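Some structures to go through are shown next.
The same chain A turns up in both complexes below, where it pairs with chain B and then with chain C.
Up next, the complex of A and B:
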């Protein structure tokens, strides 16, 4: 009689930790990740300086440094969305998804790990982006800036960072749904830059859409927007909803 | 001629090109219909006497996103690497085997993009103007002889925008970056428009100068550019970028 050894099983916690480590390793070893983040971080100061200049010569009175320095967020969010789409769609270029799912057969777990890994990379980058714009604006405006409180600075900065991270996750979800980089990029950016602003101009209900609700998290320029906290809640709800739809598709579709 | 036929066949068989077509027709006509119904409401309330002279044209300036996608995917699709299971090849190597002259290949491709861009502009222009007229009814501004050069300007703007997107993507060899930058710049407040706040020279960037061909009133416009000058400036930008793209394309490995 030989003793039967019980099969070695991984605990759920260990499995999740290893899935997250695998997704992080894939993400940081993708050159596109660093190229996208580098390009975005380089473009932001240029835009921030342009906006600061425009604000100094603009007809509106003095504005505070966070208001001016965060205006560029509306444009550099394109870089974060592209990062999210690339993270999701790189799986489908060349069939890496089959290796991924062989190693991590639990699709929901893998999907959650992917989103968490992207959030871990995107959030610090978003914080740096937001802070660099505000620091530049504060430096350039100097004494001409409208006074502001530390609480306002912290609130708008954290709002901007969270907003960018959430839109990165929306990029991941749309990328996972569409599975092809270019169409996914066109869909999200077409919404963010063309459909969204035009809807906002026409219908008051558009302020509950993820772009308008989200901009309330960091921008104090938009009139008639929702309160910042409600904006954050709304964008989070949109993001979770989109991730849920993408997950449903991911679990039910062939790869 | 056969190279051109081949390029047209490639364009027509790309699914992304049909997405671009849908975007190019639906975006301006849809927005124009929404804006026209808002203008109709304002007219019936008596808040405004007539619909603006730019109704329809302003929207066609956004519809240019369709030809931007067209110009980008026309060349980025050549550089997409197939999956390892299907050999890991790229279409550009096949294309250059069939048409070994780089310049002839690029010329055929650019001509196909220009033809497709012009056709799309004509369809989108007709759809947008009909949408405005259907929604506004008797309040619609009449289409007269001075609309002919403006509509021609729209076609010229779309062709130039398609070729600019094409030339930039020839240089980058990947579609995501030009697509992201150019779509971000099609937004209501474009980056180039912000640059005009810093230097008036930014008015001579291709998208702003070209829009003078058909848009009459610019919010906060600082420089007066005639439609003809605007068209010439945009054409000069397009020619310059196409030349740079051609030089790079003929000199480097595929």
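Up next, the complex of A and C:
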């Protein structure tokens, strides 16, 4: 290959920065982004309070605030997945993909910029979601909560935020592969809420799948799951793998 | 370099051959009309030229490089394909803004192109509420953002009202007069005879005529007569 000279490197950096700015601009100017995020952020406290009440009156012994407050993550991840799918599938509305690819013809760069933009929007929302659940649970449980350590709180909170952000990116990749919002949403949510739980009940190898492995990042109630760090690695690998497959399709297909 | 060079383009989809060796050039300072009946392969050719579709074989170059390798695509080529090319939930201004960001263009360019195509008053409205003609104007505004050397327009008069058609004719003539390259496709001959300098006519994925307007019109009297003689295969 040709030698990379400084000016070439610089213009590549500028091109990447512009692609990221364009993808962020697309994301924040899409009303569906805010509807999805707003709905998810509003639903989470309601679910968290419901789970906390259930935990207070449940048959099990005292549980810690992170354990109870993060129970809702398994449900509100649906909102994050939908956000990812929408970011990808909105390209195929009104022929926007042709505008995108004539403005940013380097497909790998544009594809990477889209994923990064979604991660930049999703990660703070994920952190707020995780923290709000734990704070609400801690407040509601009060003195009845099982003791926990600061280290455990930090680990489960950051684990939950990272888990949600990774699943948002899985949503982008699946959306880019399927190209149509409804089938893509049905595919991912069908896996998360139907196929995943069924597989878990059937085969022990299912714990390496991105939902089970991922729940180890924030949940300490799942007995027999993988270790948290290993879970994080596994979900990251699944995410990168799915993005890579989606990119292969994206580079080859006609638009 | 702002010559468009299409060389022996072949495109197959499954067992169907859509393009069977298309070759022609579009030169600076001229409006080139790329004409043919619906389904002749005009849009496929333009999509390959813009790097949206992959050719089975052959090349399509902007100057000396394929579109996808242009250092600054938006400032080199403005493209207007079918529809608005924009998501219906955004406003016209928001759409132009993200496109402008992709090329590092200043925000004022957005207002300038809105003014040029006459969409300033509709800029804050959702694109979903635009008429067909307004959507086409937005697509043209998008193409003009980078003040490109080359305009590639697929059926630009489709969906425009008579005023809009008249306006775009004048506009494209001015672009060519200032030394830029304009390539437009159309299946409407009558609308184009006064606008184009060079004509390429295709039928079923093959070029059946290529030359200046006078050369192609030849003894047929009008471009429309020449077109039907060449594309229906019947006697003139």
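We take it that the second predicted complex is superposed on the first by the 245 of 255 C-alpha atoms of A that agree within 3 Å, B and C clash if a C-alpha of one lies under 4 Å from a C-alpha of the other, contacts with A are read in each partner's own complex, and residues count from 1 in each chain.
Keep this in mind: contacts are C-beta pairs under 8 Å (C-beta built on N, C-alpha and C of every residue); 3 or more make two chains touch, one makes a residue touch a chain.
Only a predicted model underlies this, so the values are computations on that prediction, with no experimental measurement involved.
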| item | value |
| --- | --- |
| Chain B versus chain C as contact partner of A:57, first or second or both or neither | first |
| Touching partner for A:249 - first (chain B), second (chain C), both, neither | neither |
| Partner chain(s) touched by A:198 [first = chain B, second = chain C, both, neither] | first |
| Which of chain B and chain C A:47 touches, first, second, both or neither | first |
| Contacts of A:95 with chain B and chain C, given as first, second, both or neither | both |
| First (chain B), second (chain C), both or neither touched by A:22 | second |
| Overlapping contact positions on chain A, where the chain C interface meets the chain B interface | 93-95 |
| Touch list for chain C against partner chain A, complex | 47, 50-54, 67-71, 73-74, 77, 79, 81-91, 94-95, 97-99, 101-104, 127, 142 |
| Contact set on chain B toward chain A in their complex | 16, 19, 23, 27, 31, 34-35, 38, 62, 65, 69, 72-73, 76, 81, 83-85, 88, 175-177, 179-181, 183-184, 186-189, 191, 194-195, 197-198 |
| Of all residues in chain A, those that touch chain B in their complex | 39, 47, 50-51, 53-54, 57-58, 75, 78-79, 81-82, 86, 93-95, 181-183, 185-186, 189-190, 193-195, 197-198, 201-202 |
| Residue ranges of chain A in contact with chain C within the complex | 11, 14, 18-19, 21-23, 25-26, 29-32, 90, 93-96, 98-99, 101-107, 252, 254-255 |
